[in-house]
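Next up: some structures, all given as structure tokens.
Next come two complexes built around chain A: one with chain B, the other with chain C.
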Partner chain A sequence: MAEITEPAWRARGVRRRSTRTWRIRTSAVITLAVGLAVLLVPPLVQLDEQAVDLAAKLQPPSLAHPFGTDDVGRDLLLRCVYGLRVSLLVGLVAAVVATVIGTAVGAAAGAFGGRVDRLVMRLVDLFSSVPHLLLGIFIVAMFRPGVWPVVISVALTHWLSTARIVRAEVLSLRARPYVDAAISGGASRVRVAVRHLLPGVLPQAGLAAVLMVPHAVWHESALSFLGLGLPTHQASLGTLVQSARGSLLAGDWWPTLFPGLFIIVPTLAIAGLAGAWRERLNPRRRSELML
Partner chain B sequence: MTSRIPWAPMARMAGRRALFAVPVLLAVTFGVFAIAAASPFDPVKAYAGTGGLTASEQTLDQLRANLGVDQPLITRWWDWLTGALGGDFGESMVMRQPVGQVIGERLGWSVLLAATAFLLAILIGTTLGVLAARRPGGWLDRAVTSLAYGLEAAPPFWLGLLAVWFFALKLGVLPAGGLTDTGSTVVSAGQVATHLVLPACVLAVSQLPWFVLYVRQSVGDALEEDPVRGARARGLAERTVLLGHALRSGLLPVLTLIGSRVPELITGALLVETVFSWPGIAAATVEAATSVDFPLLAALTVLATAAVLLGNLVADLLYGLADPRVGFDG
Partner chain C sequence: MLELDAITAGYERGKPVIAGISLTVQPGESVGLLGPSGCGKSTLARVAALLHRPDAGRVVIDGTEAGGWRHRAPRAQRTAFGVVFQQPRLSADPRLTLADLIAEPLRANGRSGEPADKVREFAARVGLTEDLLGRRPHEVSDGQLQRACVARALILRPRWLVCDEMTAMLDASTTAALVHAVESYRTETGAGLLAVGHDRVLLNRWCDRTVDWSTLAS
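Showing the complex of A and B:
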């Protein structure tokens, strides 16, 4: 994704700074709330999110059911929290796998250079030539059903940007005087890699991993919506939107609206936090684009 | 002006890219076959359908030989490749017709949808981007930027479903999906146009954030540059400065990069065509994936890769044309 840099005129004024602080605080509060909800609600509430209550089916949002109920009377707020839990778990695992692949590949390309570098970059080009969702659909179609095909398909389509970032970072670190000093001081290759290159690369790789989580959730939702993702008993946000299609065509909007909001709001919150982190890492590059 | 277009370097660049595309497409086709070979999916059982449950082992072996599944991976890949070069991509299992015919019937509808959506996204994106760039940090800028971020985070299929609910069910002004009214046997331009509105708008909206943010950035930067300062110093009206100078130099880099948006467009089309039952190739891809129709899926994956490579080439050619410093060396 292209970087949007902010010209100097944008940095002026106290109001701008206070909006930024406000944005970071809101993002932090939302992220914290979402994290606590998906971690604590299932063990503490002890409610069955699969509990069918046909007498209470398709009720619009009310005090008893803030998000309403679905076509078999299940509480949608509870379903959304459980769905977000599944989606976030899949997204997190996929992001970690993708970051490990991307960091290893990018570091190898940057550290070895030459033929390895060219080969790796050709591989990255190759993977970028296939639209990611299409490659994901292909992998999932061949290996489904199950959670792991989804995780693997998302991870295999998301390591590219991390590999590029890590490679560039390693290349720039290798040119630093302290790395030269370590090498001429007789440090081994492994020591240089672990003590001098890795610590410099980790923040960038970590930032890329955090930014990847919403992206991975988005991908998983798309696959699940197409009916190619998670099985229905492990309802994710995408599965919820998919299964709400029937109700929507009958005119009931809430089973569709709320799962989507559960994708958008945490995405914006995580992107807001990651944006602040990126500003600290690269103060000169004020970027806001997150996906 | 036309005489100044550097045809020769552009042709050389296109030639180099075509040479580069050959190994990429070969690798993608091989990767597709390798993934299928590694998967637990059995094409014979899929082909036989429910009949495969009762069929004798002998019949299945016969079918296996007919489909060429008993051959090693390399042989199957090579057979498919030589067939594909002759225009034979095999038989689609789910559509029960040759893959080439499926693509031929559906490609046009997808191109129509994508082109309309792109045009809409460019028009709306440029307008909003310029409005936002005019007063950086103003309320309009903040509103447009927030909207762009919100839309970027929103899944297109969700936007599509809400659009169906609002415009087709609540207001009843537009059809919910398909290409023509149900029961209609002829495809008339008027019906296609009304059925095109919702999917094209939703696809446009899913592409909009990139355009808005990029135009805002690009025009905002151009407003800081010397030609604009010069135009202001000459006392030209703010409108002329904005539209005649800043927009002209700011919009060019955005327009040239459109070709590189093909992957995002395909991703959006996969979701939007499915939501609206649009009879294009993206919806066919999803159908092929759902019923594990390998021949169709393989051909469509290769087609999408070719589209991405072509889009990149167009972007680089236009970029070289717009900015002579870049040249055609890539």
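Showing the complex of A and C:
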């Protein structure tokens, strides 16, 4: 009698699903832990992250300082948490602003079409033709170092992909008969856009915003690392890595390693969650990290 | 009177789907337009309802030439037409409840003060029960959704109705109910009707006269 075996594809599907669940759970746990840490540590732990203790400078990780101390004796764990807090805040605000700009521009291009569409999309092409980071550097260079120039710089360089996605989505929604029905019912252009088209693209726009947070954090880090972003005394993931360069050359690895991990791990976790959300929105497309 | 005069229309420049088609519907008259799939009858219906800009030709509504198409058409001319499409799923915004769907034209015309009663009145005309009005399109059947679409088309009391394969997706009893709803609206208001379809028996029973696409195209 022939033995009944599990079809190979089914076994493969199960394994794929379980690794996916595992990935989503890990991402969720990390994101939650990071969220709690940046929200709760500063108000609950009454320690000054700026407190200088030259007697304890550049100490390797120990029980008193799990991440060690930097070149002026500041506790690196505390600095990393504060830095992550600033970087995430900058990333979040920049991502939201970029998504709002991108959604408005994309929706306008898609809803009005014709000349408006062509003009707007050429503008998008123009912006896209310059590397993000170069344009971002140009923008921060116009201001004094601080949080807002970085937010503006990241937001103004990241709305392009959202605009493209939203425009494409609006174009496909616009051809639906329910838009014809609305026009026939006397709806104005603005009403069609706001009532029928925009709600249809909001899930996509929300997803774009979440996917953009990691990217925005990386950009903030890059700008700060280059010395163009946040002022050096302000702990952010970028400034921490930047000020650790000197110690790294002297063989002290911890001031670089821990902030580096803080840049990579939380952002990958957020990206993992966003990927899961995207799979729910569009299950047919195989997900990969779009960063 | 609704006059379609030498209409040439298509979706790509230089490749008209219909060329030089003329058709007239008298006030209060119902005209059935018969034609095989893909012949362009739906395109003609969309031109008639001012939803598609023709490459050439003109549309004259009650003696006034159409001032534009889609959003460019004056609101009074656009709303003179009640339009029902073939596929209710695609012609209903999936986020609106049936009550909102039916009330949408009132709101779009700044008449949001009156919906509640009016929506109930028109829902009753097409045979929708109260409990269905709070549901969204995915929670009702195609037939129920098409009833809501007919109510939406009638609620502004248009002088002209354009039904593009309105009953193609429906069973016999829903077809009968919706044709009855349209006809009772027409006897009450004297609205004219352009019904597009491929079902000769239905259109012969329904309309004052039926026109065969082949006679128009020649």
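We take it that the second predicted complex is superposed on the first by the 279 of 291 C-alpha atoms of A that agree within 3 Å, B and C clash if a C-alpha of one lies under 4 Å from a C-alpha of the other, contacts with A are read in each partner's own complex, and residues count from 1 in each chain.
The rule is short, and it goes like this: a contact is a pair of C-beta atoms (placed from the backbone, for glycine too) under 8 Å apart; a residue touches a chain by one contact, two chains touch by 3 or more.
The model shown is predicted, which means the values in this text are computed figures rather than measured ones.
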Problem set entry | chain B versus chain C as contact partner of A:L228, first or second or both or neither | first
Exercise. A:I263 contacts which: chain B (first), chain C (second), both, neither?
Worked result: first
For this session: Using the superposition on chain A described above, determine whether A:A28 touches chain B (first), chain C (second), both, or neither.
Result: neither
Problem set entry | chain B versus chain C as contact partner of A:P199, first or second or both or neither | second
For this session: Tell me which partner A:L92 touches in the superposition: chain B (first), chain C (second), both or neither.
Result: neither
Seminar exercise, completed: chain A contact set shared between chain B and chain C covers none
Exercise. Touching chain C in the complex: which residues of chain A?
Worked result: 176-178, 180-189, 191-192, 195-196, 199-200
Exercise. Which residues, counting only chain B, touch chain A once they are in their complex?
Worked result: 24, 27-28, 32, 35-36, 39-41, 136-137, 145, 149-150, 152-155, 157-158, 161-162, 164-165, 169-170, 176, 210, 213-214, 217, 220-221, 224, 257, 262-264, 266-267, 270-271, 274, 285-286, 288-290, 292, 297, 300-301, 304-305, 308-309
Seminar exercise, completed: chain C residues touching chain A in their complex are 46, 49-51, 70-71, 75, 78-79, 81-83, 85, 87, 90-93, 95, 104-105, 108-109, 149, 152-153, 156
Seminar exercise, completed: Residue set of chain A touching chain B in the complex reads 2, 4-5, 7, 9-10, 13, 16, 125-126, 128-135, 137-143, 214, 218, 221-222, 225-228, 238, 241, 244-245, 248-249, 251, 253, 256-257, 259-260, 263-264, 267-268, 271, 288-291
